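Letters A, B, C, D and E mark the chains in the order given here, with residues in each chain numbered from 1 onward.
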Amino acid sequence: MTEELLTLDNITKSYGAVQALRGVSFSIAKGEVIALLGDNGAGKSTLVKIISGGLEASSGSMRFEGRDFRPKSPSEAKAAGIETVYQDLSLCTNVDVVANFFMGRELTRPVMGIKVLDEARMEEQVAKALASAGTRIPSLRTKVEHLSGGQRQAIELNRFVHWGGKLVLLDEPFAALGVEQTKRGLEMIRQVAAQGIGVVIITHIMQQAFQVADRMVVIRQGVVAGDVPTKQTNADAVIGMITGETLAGAGPVAGAGE
Amino acid sequence: MTEELLTLDNITKSYGAVQALRGVSFSIAKGEVIALLGDNGAGKSTLVKIISGGLEASSGSMRFEGRDFRPKSPSEAKAAGIETVYQDLSLCTNVDVVANFFMGRELTRPVMGIKVLDEARMEEQVAKALASAGTRIPSLRTKVEHLSGGQRQAIELNRFVHWGGKLVLLDEPFAALGVEQTKRGLEMIRQVAAQGIGVVIITHIMQQAFQVADRMVVIRQGVVAGDVPTKQTNADAVIGMITGETLAGAGPVAGAGE
Amino acid sequence: QDKGMVYYMVPTLLDEFQTGSVSALEMFLEQVGYDLTTLNADNKTDLQQSQMNDVIALAPKAIILAAVDFNALAPSVDAARAAGIPVIEFDRQISSTVSDFTSVAGTVEIGYVAAEQVERLLTEKNGSVKGKVLQVLGDPGDPYTLDIQKGFEERMAAFPEVTIISQPAMMWEASNAGTIVSDQLLANPDIDIVFSHAAHLSVAAVASLEAAGKQPGDVYVMSSNGAPVALQMIRDGWMQVEVEQPLYAQAAAVAMFMDKLVAKEPIEPGEYDVLGLPSVVTDEAWGPTIKIPGAAITPENVDDPSFWGNLKPPAAPVTSVE
Amino acid sequence: MQPSQRRSLEFVLDNLVWFMLLAVLAIFSATVPNYFQLGIFANIIEQSSVLGVMSIGLALVIIAGHMDLSVESVAALSAMAAGILFASSGIGMGITFTPGWLVVPASLLVGLGVGAVVGALNGFLVIKVKMNAFIVTLSSFIWVRGLVVAASGGRSAQNLADELRWLAIQRFLGIPLTAYIAIACFIGFSFMMAKTRFGRHLIMIGGNEAAAFRAGIKVDKVLMIAFILSGTIAALAGWLLAIRTSGATANLGAGMLFNAFAAVVIGGVSLKGGLGALPGVYAGVLLLSSINTAINLMGLPAHYTQVIHGLLVLAAVLLDTLKQTIRKKLA
Amino acid sequence: MQPSQRRSLEFVLDNLVWFMLLAVLAIFSATVPNYFQLGIFANIIEQSSVLGVMSIGLALVIIAGHMDLSVESVAALSAMAAGILFASSGIGMGITFTPGWLVVPASLLVGLGVGAVVGALNGFLVIKVKMNAFIVTLSSFIWVRGLVVAASGGRSAQNLADELRWLAIQRFLGIPLTAYIAIACFIGFSFMMAKTRFGRHLIMIGGNEAAAFRAGIKVDKVLMIAFILSGTIAALAGWLLAIRTSGATANLGAGMLFNAFAAVVIGGVSLKGGLGALPGVYAGVLLLSSINTAINLMGLPAHYTQVIHGLLVLAAVLLDTLKQTIRKKLA
């Protein structure tokens, strides 16, 4: 469980004058679950997008499975085995649940040499995946635009479980999920990790973090403010790291002026 | 605290073949905080949209402040004093924080008889509101598209506090908020209620519901499955009501077939 | 009497000559006993082809075709004639296939007449045939305007001291013509003549001259097609010459021969009297043709009622050629 | 409502444009003299082949969430290329082959090549340079037409080789072969949209490009193919147009764009992207073609035809919109 | 990057189209004979007045997230209405007033009224019937032009009253009064967009119509006003056009739509809605007008002008897009 999977070295990212990440370094091992914590605007989602190929870091380097890693696009990161659940959901609301579940990885069967979509098989697999997650959806052929917020999130969350991969990034995956679904989701994460898959989970609910994570990484204003094994800390200590002890009202972030 | 504010009587709503609400009745008094609970797809958001004028009920009636109430549009509900924070955020990401905060209620000052936007005064008020909520935003003149998920939610949440009204509907308002911001948000809700404003809050986190609500209303598959004062119940009992004791896997909701 | 339906395929109605041709053909054909239905192709070749196909299915007595494109309609002409419907080319000649009758003024010939007039005007103004002419074309994709240009420039080639500046007013749009004139007046303040390929372009040209502080006659203006607006401008002094297309005679010639065409009788070459104009029918490779050349309208003869621009159709009805 | 009632209502709504087509044909047959004859129906199908093919390409790009206003001009360019090279009079160079039928693949290849190049250029500007498709293809609409004028000098080419003309003249069941080419295109591309991964990806990109990108779909590649297809299909339409005209003129096909858009919308494709299927588009094309033919046969005063045409098309689009409203009430 | 450097770079980017205008004027002045003279610059300003006014209305609707393709035809209809009533030859009825200057407000009122009606109809179909603005206004583009043809019978009206012509002929600082009308419109509407609630609401609706609706903004009303404004402003452009050409022809203004869209895009308005300001649009109009004038003076063979025009406009749009890319890098 100490085999390194992904290592971040001094990653920075600026959006124009706003420096969202000022040098983040940490690493994650195979089968490890890391809770990535931090206040609103700390830079968590930015970091996730950099790992998953949606954004390019301004500086710094990453190593994935011992090799230099610099994905240019999500499809590259996916090819390397990185699955992502984004904070702002990424579903095509104009197609049905099945199509969304298999987005970009549709199953086909050959008909006279042409690869034809295998709708029956896809539907079957989706039904199985959602059933085990405890999510009710009126019909798998409903367009996603007709689903509730939680139902949508369930599709995204279960999609990753289905596909596995080597590293999974979950950006607030339970934000809209019900009590029971969240419970099952947390269990699933442990199962996934048990298969040797690395998991990074972002959440604002301490309870969830403590329930599932092996290690806590706290980001504050774009830098790592804490990186401790779950067993050696407690909720109050972590909250202290998140807020920086003294939460100085709001107002512009220092250095982000202009 | 027993003066009726809003009464729902047997509200139903179908989306084509899907019956999202099958007859919901409950009421809320002035200064009361109700937690509206329920599983994913139970119909909570649908109910909120009906009260706030975004959707029309298929049948049933509402009374607001003793008078028949049937808002045709959000602006009508707003005029009656109902403020809403939607689950899927409703911000114009192409304009800045200040413009979003005052969306539809911009402050103006007369210049030669013409009402001109009073940017300075608006900015000042937004700065004050966000400061007390503990949310850091790089600059109030940043376009909302450049903000993180939690920063966006903070704008919506604090907007309602600023405007007050008579009844406030909050659909999972803390889903993306940080620990400290959530704490302050909960406090704010109590303050708002203390002014005699009614509050309906939807959340999946039992802790939050128990911390803030006077009463729990649970919706299951479109009907009220429980309506109990907070003091007379506990988390496990409520979760039982939400899931209907026996959560029957997933699969199509009974009766929603077609 | 009612001898049946004839279809007129008009290429566009954005031009006063075409609009006038509809009413002239209607009037003359009625005088010899035919009803006329007009289909407007809106300057679209493919639309005109569809219209031809549909009209062939209706089996009319005859089709009068003013082709959007002189030659692209040839297959449709063949199809109609194969179906036994006589086809008459009006105003726009098709030489790549055989038609039953052709009545045109000749577009290239309009250019010739215009060149003669430029020769005269420049001599009057500068003492000899030298100077600058701004030629405003209708649209570089329209063969009609290109033929006028061809005829005009062919004749002007004899005068090396004349500079011709050609600019297209895309889609025959008037304000484009106005813009061209106002820009060119600055670039070439010594322009002697503005020659537009349609009268409505001259309206905008004159407006630009006026806005530039010119008086009538400072810069000569001429155009072609003989529309009423042109005659008005000649009377106002802004315009010196308009090249008339003999609309009435062209249309009357079609009406005169309609009985013969419908009866599929041969048309004899020779001299005929069309509305008092002596005109010659010749036998060409593309079939019998009557060519009635245009005339130059000047302040001296502007009130002549035979010009269609005066909108005084001949009082005496045309009669069929026996 | 009963489930069975709902089902039949949904069937009608799903195929509303076909029902509209039947209704319109019935009405015109009853009211317009001479409308009801086989020759006219054959004309309708024949006339819709060029517009139909063009609409396919347009529909693909629109379903993918973009737009291609250049199809009309691309068709003209392809027609002009075929005309200049293979027509024998006018500005045609009259290139011939032995055996003669080689002119068919040769002219097709030239035309499609031209279309693919313009499509690729549009795609490049939209996808790589990230320009808005509307303005890019509006520019192409202008400059490609300009190229046609420049290449032809405003003149026309006529008399295409008989082997090409044969496709327009030879009839099977009373309908020229060119119309069967259009029908084959509709069947092929309908299959592609409904049953293949590429079609599925196009629809998803049209619905949410960012989501498709994040899901690992090679959005750029798919969109580029869509633009190239649109250009190539437009060129095929141009080739058919040239065959129909037996040559090409500088203004060939002008005004078709409006009809292509109308057909696509009447056929149920949403201009917002992500929604629509091709069979409906074919019905839309036939519907427009029926309206056009009716206008030709009604013998209206020529000055009013444009207003009437515009308003009839608007009415057809309106019916399609009402469908959406009813459907929203339903589901 | 230093904050001061960043600030100046941002200033340049924010006003890029003005810098482009200066650059283009400098280049043409140096290369095109006769370009560099006061009269030409006055011409550029004068020629841009019609297009400029038309672009304002178009920009408003686009910023609100919709589209209005009918502006060109509406301008023609307004011009034709003024022409038929107040021109004295051709089909003009030559209505006169005492005192004579009353013809100015009268013709203006008639024109604007016509435009407002078409705008309201477009708005109704888009907002109430929920049809797509592209297809609705594309239809209007067709049928309104058809109405011009029908009303005029394809003929033209000319010789507008001297009181109207005076606006085109009378100059102040070498520039005709019509151009000052356009400039005044730009100032007025720029103020409206930047400083009033209505302008703010338009921008927000263009960004997220649903959010604006939920926030209690009367979206339908605001959009309806935008469409009516667009029609009315297009009609004002038509009125100026009639004054400029001293009458109206059936095809007046044809081809302007492309330029209006190009100006709006070059001026920095996003066709996706929610983004853009009017002063940039005016610069875009001037830029196009400069290009146009250069083409008129360059003495190119007529066949090539359309290609060149199309490509130059594309190049201008391209530059504006590069701006967005640089800005994205920056912020």
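Assume a contact is a pair of C-beta atoms (placed from the backbone, for glycine too) under 8 Å apart; a residue touches a chain by one contact, two chains touch by 3 or more.
Chain by chain, the UniProt names read as follows: A, B = Sugar ABC transporter ATP-binding protein; D, E = Autoinducer 2 import system permease protein LsrD.
All values reported here derive from a predicted model rather than from experimental measurement.
Note: the chain lying farthest from chain E is A, by mean C-alpha position. Most remote from chain B, judged by the distance between CA-atom centroids, is C. Two chain pairs are in question, C-D and A-D; the one with more C-beta pairs in contact is C-D. One simple way to say how far apart two chains are is to compare their mean CA positions; for chain A and chain D this gives 44 Å. A separation of 34 Å divides the Cα centre of chain C from that of chain E.
With each centre defined as the average position of its C-alpha atoms, the distance from chain B to chain C rounds to 73 Å.
Computed centre separation for the pair chain D/chain E is 31 angstrom, with centres defined by C-alpha atoms. Residues of chain A in contact with two or more other chains: 15, 18, 146. Residue positions 149, 153-154, 303, 305-306, 331 of chain E are each in touch with at least two other chains. With touch defined as above, residues shared between interfaces to two or more other chains in chain C number as follows: 13, 140.
Residues of chain B that touch chain E in their complex: 52, 54, 73-75, 78-79, 84, 86, 89-95, 99, 103-106, 108, 114-117, 146.
Residues of chain E that touch chain C in their complex: 33-34, 37, 39-40, 43, 46-47, 50, 89-90, 149, 153-156, 158-159, 165, 168-169, 176, 241, 244-247, 249-255, 292-293, 296-297, 299, 302-303, 305-306. Note for the complex: chain C touches chain E at residues 13-16, 18-19, 137, 140, 165-168, 170-176, 178-180, 182-184, 186-188, 200, 203-204, 206-207, 210-211, 213, 227-229, 232, 236. Against chain A, the residues of chain B that register as touching in their complex are 15, 18, 38-41, 45, 87-88, 127, 130-139, 142, 146-151, 153-154, 172, 175-182, 204-207, 239, 242-243, 247, 249-253, 256-258. Residue ranges of chain D in contact with chain E, taken from their complex: 125, 129-132, 134-136, 138-147, 149-150, 153-154, 258, 261-262, 265, 270-272, 303-311, 313-314, 317-318, 321, 324-325.
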